[in-house]
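Below are two complexes that have chain A in common, paired first with chain B and then with chain C.
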Partner chain A sequence: MEILAYAAFGLYVSIIAIGGVIAVAAGNLVRALVGLIMTLFGVAGMYLLMAAPVMAFMQLLIYVGAVAVLIFIAIMLVRTGPDGDETTSRSGRQILYALLGLAAPAVILSSVVVTNPVESFSTPTAVTVKELGKGLLGPYTLAFELISVVLLVAMAGAVLIAFERRISK
Partner chain B sequence: MNIGPITVPIELVRIMVAILAFSLFIGLNGVILVWLERKVAGHVQRRPGPYEVGPHGLLQPVADALKLIGKQLFIPKGADKILFWAAPILSFLPVFLLLIPMPFGPKLFALDVDLGLLLILAFAGVNVLAICLAGWSSRNKWSLLGAARAVSQCVAYEIPMLLSLLSVAFMEGTLNLTQIVNQQEPWLWNIVYQPLAFIIFFVCAVAETNRCPFDLPEAESELTAGFHTEYSGMAFSMFMLAEYSYIIVVCCVATAVFLGGWHGPFYPGSWWFLGKVYALILVFMWLRWTYPRVRFDQLLNINWKWLLPLSLLNLFVTAFLVKVL
Partner chain C sequence: MNPLTLYQLVAIMLLALGLFGLIWRRTLIGMLICIELLLNGAGLSLVAAGQLTKASAVLGQLGTLLIMGLAAAEATLVLAIVVIVVRRFQTSDSEAVSELKG
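What follows is the complex of A and B.
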């Protein structure tokens, strides 16, 4: 059982990593989006491994089923062919900076994990939907509602930007 | 179960066996449904339908399949090669996952998944993505238009579909399909308590599976073939197989959630389940060959002005009644 769990962990990590690399290094926007979707699938797998199926399915339902599809529509609206601006080759300096940028969170996170090891269960316990619902409508109501306000602000901002462009034309 | 040093959980074995069985089920259904569709279309239009190959044209789909396998696979110039071939596979693969929580009979199911309904809704969204990728990577304006239509249609119709299923989930207090079926009585199915939710679900199911009268993503008179214009041979038939499989999946969900699953007034069992599923599929085909295609603004108006408010109302009334009664 444990070997299978490790195998699944390795598989999900590699899906996430490969997806991330594709998302950053891809030559055009749609391929980058496919990389992002791969990463989202890998993260959903991680949730399943941590015995949080509700989170995993919600991740797929909302991010893959809705958000990724909406990003797709946005990409189609801006008309990118398979040979967009991103296909021009990158200079060595750009790649160096990108790697340095990648190193920063890795170094910080690993140092935090090494100095303050996180306490975790060796076998995950599943949280039922009932407990989750009670938590969201009980002690975590404020945080839950604040997140939706953030989304509302983001949406209003998007509408504002779209309107401004139409007026300037 | 032990294989050498590794202990394989029994669920994994069940899933393996189930996937094998599902491939047989889907393949067989693909053949049967293609024949049935052509026959239904023929009789609706007062002609016999396929008649030459085999008795009553029964071997016609086999001949079609052989032709499709023999066809050259063709990729348009300037198309994105990887995504172009990935799209039909991505469209077809989730079907196996969608069938896993389905209770075909009292003992006949792959896995008793606690969040079965949620699993189906989560993985059903992958099909839209596949259609998008197919439309975009073909580098063809008809394909792209078809993909754009598919996105706005599927995203819109997903919401009332979710809400109508949610009202049943409120009533039953579970997302487990096996339990939902078990809690229904032999005759008093959920459709009796939730007729509006069933109608909304069915309309949304027709739209989500891109079937006529809502088949705008592949409207042949306007977009040649929509998102699969550029696909030939087996790639095209993968899309067709996926479409028929999704019809089977939505009919299975409708049967399990609204029509009492394998329950029946006598001899309950999987034959009831399959009978109801095929009856619903026949309704799908009947609709396709009876109604003309709606216009795109009509399509979106039906959803946002009628189905969405109605399903919200239904959900609120259900929630109120569940709390009060």
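What follows is the complex of A and C.
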């Protein structure tokens, strides 16, 4: 059984890695978005593997259902050329900075995580939807209410920004 | 290597890819896609910490739900700003948007 879990883990890791590389490096923004969606599915699979099916469902609902569609509509509104607009060449300094941004957290954080492992179970604790609901309406009510206010303000703010009149220059 | 470390390494991979893309990308929407990668890594790490240690699993899952809500709010606002930038500058290139008022 454990081998099966590791096989599923490896499959999800490869989905996440391939999707992530496509999302970061594709010249065309639509292809990058497809890579992002692939990564999101991989992360949803990892949530399922960790016995958190509610989170996997929310991942698909919020990210794949809402955020991805939002980004796709933005790509449509921006109207890029047929080749995409990420195809221009980069200077050497920019490549160096990007590689530093990749390497710094990867080296520092992974060395910390590998050298100081936290004691962990091999079988995750399953949480029922009932317990999650009790958490939302019990100790974490404030966060629950605040996130709804944040979403409302973001929605109203986005409408307000998008309807702005052209300011005289 | 215990399971938690494996999940944390995947989250670090997402973080590193997202940071790389944030610097590498030219267009604002490309940068937004990379920010979504970063936030996904954060959520994965949080759920793994909640599910696989003695810490409260409910707190881990609800914290990730909070991150997802914030990501949706952030994406909405950033896309509204991108639409405005494209209307004013006729491009979504981050290098072109360097004009300050005043």
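Criterion: the second predicted complex is superposed on the first by the 152 of 169 C-alpha atoms of A that agree within 3 Å, B and C clash if a C-alpha of one lies under 4 Å from a C-alpha of the other, contacts with A are read in each partner's own complex, and residues count from 1 in each chain.
In this text, a residue touches a chain if its C-beta (ideal position, glycine included) is under 8 Å from a C-beta of that chain, and two chains touch if they have at least 3 such contacts.
Computed from a prediction, not measured in an experiment: that's the story for all the values here.
K.L.:
Chain A superposed: clash or fit between chain B and chain C?
P.N.:
In the superposition, chain B and chain C stay clear of each other.
K.L.:
With the two structures laid over each other on chain A, which partner does A:Leu142 touch: chain B (first), chain C (second), both, or neither?
P.N.:
Touch partners of A:Leu142: none, neither chain B nor chain C.
K.L.:
State whether A:Val54 touches chain B only (first), chain C only (second), both chains, or neither.
P.N.:
both
K.L.:
Look at A:Val30 in the shared chain and tell me whether it touches chain B only, chain C only, both, or neither; answer first, second, both or neither.
P.N.:
A:Val30 contacts chain B only, not chain C.
K.L.:
On the A-aligned overlay, A:Leu132 touches which partner chain: chain B = first, chain C = second, or both, or neither?
P.N.:
Once the two structures are laid over each other on A, A:Leu132 reaches chain C alone.
K.L.:
Is it chain B or chain C that touches the larger share of residues in chain A?
P.N.:
Touching more residues of chain A than the other partner does is C.
K.L.:
On the A-aligned overlay, A:Ala66 touches which partner chain: chain B = first, chain C = second, or both, or neither?
P.N.:
both
K.L.:
Rounded to the nearest Å, state the minimum C-alpha distance from chain B to chain C in the superposed three-chain model.
P.N.:
15
K.L.:
Share the list of chain A residues that count as touching for chain B in one structure and for chain C in the other.
P.N.:
Touching chain B in the first complex and chain C in the second, residues 54, 58, 66, 70, 73 of chain A appear in both lists.
K.L.:
Which bits of chain C are touching chain A when the two form their complex?
P.N.:
The touching residues are 1-10, 12-27, 29-30, 32-34, 36-37, 40, 43-44, 47-49, 51-54, 57-59, 61-62, 64-66, 68-77, 79-84, 86-87, 91-93.
K.L.:
State the interface residues of chain A toward chain B in the complex, per the touch definition above.
P.N.:
Counting only chain A, the residues touching chain B are 1, 3-4, 28, 30-31, 34, 37, 53-54, 56-58, 60-61, 64-66, 68-70, 72-73, 76, 81-82, 129.
K.L.:
Quick check on the complex: what are the chain B residues that touch chain A?
P.N.:
5-9, 12, 78-80, 82-83, 114-115, 118-119, 121-126, 128-129, 132-133, 136-137, 139, 144, 147-148, 151-152, 154-155, 158, 175
K.L.:
Contact residues on chain A for chain C in the complex?
P.N.:
Against chain C, the touching part of chain A is residues 9, 13, 16-17, 20-21, 23-25, 29, 32-33, 36, 39-40, 43, 46-47, 50-52, 54-55, 58-59, 62-63, 66-67, 70-71, 73-75, 77-80, 85-86, 88, 90, 94, 97-99, 101-106, 109-110, 113-114, 117-122, 124-125, 127, 131-132, 134-136, 140, 143-144, 147, 150-151, 153-155, 157-159, 161-162, 164, 166.
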